[in-house]
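The chains carry the letters A, B, C, D, E and F, assigned in the order they are written, with residues numbered from 1 in each.
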Amino acid sequence: MEYALILVSTILVNNFVLVKFLGLCPFMGVSRKVETATGMGLATTFVLTLSAVSSYVINEYLLTPLGLEYLRTIAFILVIAAVVQFTEMVVHKTSPLLYNVLGIFLPLITTNCAVLGVALLNVQEAHGFVESALYGFGAAIGFSIVLILFSAIRERIAAADVPVPFRGSAIAMITAGLMSLAFMGFYGLLRL
Amino acid sequence: MARLVVRDIVITTMLLGLFAAIGTGVVAWVHSGTEARIAENRLAMTRMRVTQVLEGLDYDNDPVTDHHRVGDERLGGHDLPVWLARHEGEVVGVALSAIAPDGYSGDIRLLVGIDATGTLRGVRVTGHRETPGLGDDIEVERSDWIHTFRGRSLVDPPIELWRVRRDGGVFDQFTGATVTPRAVVRAVRNALLYFEEHAEALLALPPPEEDAVLTIEPIMPEIPDHLAPTDPLPEAGGAEESTP
Amino acid sequence: MITSSYGDIIREGLWTNNPGLVQLLGLCPLLAISGTVVNALGLGLATIATLVISNTLVSLLREHVRPEIRIPVYVLIIASAVTAIELVMNAWFHGLFLVLGIFIPLIVTNCAIIGRAEAFASRNSVPRAALDGLAMGVGFTGVLVAIGALREIVGQGSLLDNAHLLFGEWGRGLRIEIFPQEHGFLLALLPPGAFLAMGLLIAVKNLIDARLEARPIPTATPEPKPAQP
Amino acid sequence: MQLHRFHGGLKLPDHKAESTARPLLTMGVPKFLYVPLSQHIGAQTECVVQPGDRVTKGQRIGQAKDYICANVHAPTSGWIRGIVDHPVPHPSCLSAPCIQIETDGHDQWGEDRMEPWPDWRERDPRSLRERVRDAGIVGMGGAAFPTAVKLNPRPGKRIHTLVVNGAECEPYISCDDMLMRTHPAAILEGARIVAHMVGAQRVLFAVEDNKPEALRALTDAVPGAERDFIRVISIPSLYPTGGERQLIQVLSGREVPSAGLPADLGMVCHNTGTVKAIRDAVLHGQPLISRIVTVTGPGIREPRNIEALIGTPFADLVEAAGGYRPRVDRLVMGGPMMGFAVGDDAVPVIKGTNCLLATRPEDTPPPGPVMPCIRCGECTRVCPANLLPQQLYWFAKGKDFDAIQDYGLFDCIECGCCAHVCPSNIPLVQYYRFAKQEIWGREKDRQKADLARERFEFRQERQDREEREKAERLARKKAALAKKDSEPTDKKAAIEDAIERARAKKAAQATEPPPDRERADN
Amino acid sequence: MRFRTCTSPHIVPGHSVGRLMRQVLYALVPGTLAMTWFFGWGVLVNVVLSVLFAVMFEALMVALRRRPVMATLGDSSAVLAGWLFALAVPPLTPVWVLLIGTAFAIVVAKHLYGGLGYNPFNPAMVGYVVVLVSFPRELSLWPSPEGIMEASLTFWQTLQTTLTGRLPDGMDWDAITRASPLDMMRDSLVAGQTVTEVTRSPIFGSFSQTEWEWAGNLFLLGGIWLLYRHVITWHIPVSMLLSLAIIAGVFWVFDPDQFASPAFHVFSGAAIIGAFFIATDPVSAATTPRGRILFGVGIGILTYVIRTWGGYPDGVAFAVLLMNMVAPTLDHYTRPRIFGHSRDGHG
Amino acid sequence: MLNAILAIAGLALAFGLILGYSAQRFRVEGDPIADQINAMLPQTQCGQCSYAGCRPYAEAIAAGEADINRCPPGGEATVLALADLLGRDPKPLEVEEKEKAVAVIDEQTCIGCTLCIQACPVDAIVGAAKQMHTVIEPECTGCELCLEPCPVDCIEMVPLERGLQDWRWTQPDPSPIEQPRAARRKAAEARRESA
């Protein structure tokens, strides 16, 4: 039950993108096409879960025992960068098909705040191993869902008669704002 | 498969290691220079809050280092921190953490300052999820409502008037929002009742051992929790302690 | 890459290729920390410092980094700088540190920073890189503060609220009240308000650009960069 | 027989009584005929007569030079006056090459008239198909697709059912109705011939239930012994039930695969007019030189059906139908749903002309202003192809041609149902036509670009090679002619190089000094 | 003789967007009158002012974009958006709240996207949600139905209240307002009461007996008329109400003390008007038949979830916006099987 | 402090090892993006994009140095396709789209200098020195590169003829309420003229 709550909370109530403001750059940048958005979502889900778990391990078995909490940021980002780069190289070599689908997004993920954010929030909320993994996974699913929905809306807006100054990123921002407004409906859900 | 050039691998590895060592070195050096101040800052924030709810009380200890954990139905939770203010070793006031479970959208966390006579010295909301713009008038930053508790006790007003006006009590509700104030009033009343019941035990709590330093990891506000949270006070259970 | 003049670098950072409005990078802090001017300014300053430091260092080291560890090294440099800044803020601007919260460590992943390291600093000389960092940082902070001001005024009717967090006790006097807080338009402070304010700002920039372009004097506009590094 | 239904469709007021009230009229021979060389889907025919030639009725004047193409014959006897650019019935209002025939009024057949084959049952399908091809028969149901092609067996596909399409679902049109009422036996004979040709064991003759006379005439004409072989079926009137794919679904409940043909289901579908034309060609050796045209609409004084020669100007037909009413401003070839407005009534009747519809402004008031699509979904409800017309429109407007194909643009049969129900009055079908042609055009451009790239790369390679060769040659030359000191200028060198290359290619050319610049400057 | 050329089809069916919208307006009349009857003049004042503002903003935006103003206003969609917005907010809402709400509805949600037909979100609901989250105090003051109200306002008093945001002297908000049934249900359940206890309150009645339910019934009537006139299709209203009833039924059977009955959910708050008038907004809803069913089901479920566990008493507006967000994706994945294509979508 | 340095440096060493190894183990060559872009360009090889042909322009786009809206022969369609491929915002073309045309050599004037042959990037001109030249129409891409070198200006660009077979439906006008007033007036005038 508690695990289910973590998922519901990260996907809907505290959606990373629309409520917590994490991972916005890829959210705006890779949402012009549903297909690309789906690829980005998949890639992020993979990396996010993996890095949530690895940073948990690093934190629990390296930093905390040594009393080096203040080095968390450095250690985590190092983990993330390495995971991302490694994944990219492996995918690139082993499956050109998968690389075509996911590969081009991988470098963007290092700089996705959500990834580091999840690692840091896991520590802050004192999540255990499973919780950390679920938190990362839920965050990534929440990210992917809104990314895909957003890209479908943007595809539609692309043919709309938007006033000139608002064409492009401005109307995309407004749309994200209205999506975030809709997500206000989940405010107060799960009285945690 | 490409032929592996071991030299390249070693160089890569060493380079990365070198950068890491230098970077960490610099950070560690900065850390050593700021460590003490940061620790002090943490205490100061907590101290400020406790001081606020014990306003006007004359004490000579540092309540931040003088804390215990208590739990009770009436306080709405277990393992809640309580800070003690002492004058010449005698407890003259306590800052109790309390939780109102029946807010409009979940728990409302309070810090209730009560002096030894059972009179309220101050109340602050330290965490809630009430509707912005409606229920959040209980925050001291948004309205003065919370100050109406100052100086009150279980006899002022009498216990049956410890309700909001709509329910026949003396405390104001907000137009359009009764639930939130109702919950807060009830929680404060319960905290007073708890204090009355446990006054002896609370007032007799021993001072901390010499080296018991309280280091509370400040909770990093996750995000501007809709309205940027300005309250750094640790939530019950969320605090980390190194006290034995 | 063609080396651009110092003037160009400044113009790019502040306007034509502004990280916030044009490149759409660093959006998370831009939207999360723009509830008030003071928060915005605080984070902006930290970001400027990080950008200048990281750009300078990356430019210094650009010859010695191999491609396979390029990103980890940049990230390390940035992370070290950010952690140092974080510690300093924690020590001397504790109140602000608490308000900015997780977004200080998250400067590390501010796409604008690594983006500049990749796109500019790793290909340019140290003074250029440093200037670029400064210009980008100031451009970023400008947008941050603009959104902050907009949201603060509309949302709570004040400007420079909580200035003491940044400027010390004397800062309390800086607060300007435009109308009482309870008349504020709450939406501006809520997450949707951040997005809407940003959208509005981009539209205003587009409008200004269109006006500038419509003017008869033809100004050579530099090549816009792709939105993602 | 169990009937099925297709998705969507529209119930439209049929307006057929106006034109069926008067009997069929056979028009006389007009003074001039304009026979377009391209009356069908596919390549243009090649003109095989010269201006001044005399032609006899049924003489081949246009020769098919491609597989998907149809011969053109002289509708009557007379003289060729020219191969002229004349307005043709086409939505573009453009002119196209037409054979202008001045008729002599004798309507005289020539010796080359095809031999009648009353014994068609003895002939093999192959020669019958040849006959259909020679006769220049194209589909008369609207698409004007060369019928011989459709009759060709496809490897691995056995035809078991011939569907004769007498639905005539569009409002106003009644030429098939008239044909069925007046020539039921001929049509049935045609159906037998076609069934023989394709080897079908069954003929389904589908007629909409709003044509009771035609139904009765046909039913009566089917001999009792043949009732199992030829079945006349009354189908509910619902536009566009006459569409080939829709009709097959109504009759069999099966859908013709998107990229496939009815033959994939063992069926073939022909229009009543086509079937009759085949019969005329086989039994009488008469090529397709005339057809029945419905001249109707609120803008016509005496709406009726007229049998007219191919090439007769529309104006003459209207004349024969009592002329225009005042204020007529729109003349449509085809029905109101799928037809197109022509710009001029000088255009001639072609093989695919089934109807002329004239309207006045008050009959077709300009629709309200075009509004943006409000996604009401009405179009989806009526689309017989089960498409999402609003999405197609959206993509056509945004020129997202990948998406529009993904959403099935090429399954659209351009029936116009969607545009008819659209509350926003969007000319939806026009968007689809535009998108289809744009996609074809782009495909063409892309092929051209690929060709250009090949040629460009080839040329670069060649230049590199020549560069190398030249360098070598130059080195050799220099060594040999070291004494020569005058350095040629760049330009001269370039020209010399060119010449050199030209020489390399055509060894026969002699070395010449560069062309005289002076003369060029004048 | 020469002729005008134009494209097929060549018969004119005689319908228009304006007519469509006006039919929806007619269908709203009975329900609106009923609400006026039960809740006082405030309802009518709201409608008139909001429509006025909405039309004004529409004209302003169109003029700013140098487009034909009259032709655009002729489609009546701004009137409809204003009207629906007015029905969503409580009577006696101050005029500036109406102004801000309609501004967001028309300017931000509609015209920044290009006006009629392009908005991905339901304008009226965007306007309502904006004012709901920004001015929760004003938006939670529902006057008690006339029957149990302690004092009632005349037309002029109503107008004055709306324009100034203050009640006439001697009146008190606490006296004339009262939580709506949904509010009441929510508050009381939070306070630990059971459903049966709550429903004993005077504003609760059994099926079709209270004022709230009467208003709902008349909107239902209008909705059925729209169905009959083919202005809307059955997919969205039916699937929304059915899914709301089913999910409510499941929880209700599970624990009737903690969860209100399906009838309560269907007939209170904005469920009926939402199902027939708001969720059916063609522009922002899904457009494929299957997509529409899923769209309705989504709204039904989300409405229940937000009502039961969320921070706002009525979830319809949020549910509609949330599903608006999903609609393009739904459309993408629920394309009907094209004629002649096999099941997996390709021929 | 030593702890800190050792811990992080150790981490970094580990990752460095992994990355250094995998960089070699998993090396891939080639830049498929440039190829994809090149496939979308019209291959007119006209250089109007300011690059020396389509391929260099494709490479410049792939490297992020050039914008996607600089190929006039490709027109709007190419810009849209590129925007799609690269996930960028489509932009209006820098120069106006030209009508498709082919070069025609005035055979009377031609002096047979062969200069145009050398200029033609796709070998669409045939002829020999001192003889008149002709353009192979289906192969001409309309790049206009042959115009300039001709010493007697005998080459002319002739718009491609549009017969019945090439006739295409145009995109319908947008709704009048979607057009600014000025555009509406212009459209109305055009209609009046054509009537």
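Just so it is clear, a residue touches a chain if its C-beta (ideal position, glycine included) is under 8 Å from a C-beta of that chain, and two chains touch if they have at least 3 such contacts.
All values reported here derive from a predicted model rather than from experimental measurement.
Peer 1: Taking contact as defined at the start, I'd like the list of chains shared as neighbours by chain E and chain F.
Peer 2: Shared contacts of chain E and chain F: A, B, C, D.
Peer 1: Spell out the chains that contact chain B while also contacting chain F.
Peer 2: Touches both chain B and chain F: A, C, E.
Peer 1: Relative to chain B, which chain's C-alpha centre is the most remote?
Peer 2: D
Peer 1: A-B versus A-D: which interface comes out with more C-beta contact pairs?
Peer 2: Comparing A-B with A-D, the pair joined by more C-beta contacts is A-B.
Peer 1: Please identify which chain has its centre, taken as the mean of its CA atoms, farthest from the centre of chain A.
Peer 2: Using the mean of the C-alpha atoms as each chain's centre, the farthest one from chain A is D.
Peer 1: Using mean CA coordinates as chain centres, what's the gap between chain C and chain E in Å?
Peer 2: Distance between chain centres, rounded to whole Å: 41 Å.
Peer 1: Between chain C and chain F, tell me the centre distance in angstrom, where each centre is the average of that chain's C-alpha atoms.
Peer 2: That pair's centroid distance is 37 Å.
Peer 1: For chain B versus chain D, what separation do you get between their C-alpha means, in angstrom?
Peer 2: The answer is 83 Å.
Peer 1: Once you find the CA centre of chain D and the CA centre of chain E, what distance in Å lies between them?
Peer 2: Chain D and chain E have C-alpha centres separated by 51 Å.
Peer 1: Could you pull out the residues of chain C that touch at least 2 other chains?
Peer 2: Expected reply: 32, 68-69, 72, 76, 79-80, 83, 87, 102, 186, 190-192, 196, 227-228.
Peer 1: At least two other chains touched by the same residue of chain F: list those residues.
Peer 2: Within chain F, the residues that touch at least two other chains are 4, 7-8, 11-12, 15-16, 19-20, 22-23, 25, 27, 84, 87, 89, 172, 174, 176-178.
Peer 1: Among the residues of chain E, which ones contact at least 2 other chains?
Peer 2: 4, 7, 65, 71, 108, 114-116, 118, 130, 133-135, 311-312, 331 - these are the residues of chain E that touch more than one other chain.
Peer 1: Tell me, which pairs of chains are in touch?
Peer 2: By the stated definition, chains touch in these pairs: A-B, A-C, A-D, A-E, A-F, B-C, B-E, B-F, C-E, C-F, D-E, D-F, E-F.
Peer 1: Once bound in the complex, which stretches of chain A touch chain F?
Peer 2: Counting only chain A, the residues touching chain F are 29-30, 32-33, 36, 58, 62-63, 66-68, 71, 74-75, 78-79, 81-82, 85-86, 89-90, 92-94, 161, 168-169.
Peer 1: Spell out the residues on chain B that touch chain C in their complex, using ranges where they run on.
Peer 2: For this pair, the touching residues of chain B are 8, 11-12, 15-16, 19-20, 23-24, 26-27, 30-31, 34, 37-38, 41, 44-45, 132-133, 142-143, 218, 220-224, 226-228, 230, 232.
Peer 1: Which stretch or stretches of chain E touch chain D in the complex?
Peer 2: 1-13, 15-20, 71, 75, 114-118, 233, 282-283, 285, 287-289, 292, 331, 335-342, 346-347
Peer 1: How about chain D: which of its residues touch chain E in the complex?
Peer 2: 6-7, 12, 91, 93, 171, 245, 249, 255-260, 315, 324, 328-332, 334, 336-345, 357, 359, 364-365, 367-369, 371-377, 380-381, 384-388, 390-391, 407-408, 411, 416, 419-421, 423-425, 427, 429-430
Peer 1: How about chain F: which of its residues touch chain E in the complex?
Peer 2: Chain F residues touching chain E: 172, 176-182, 184, 195.
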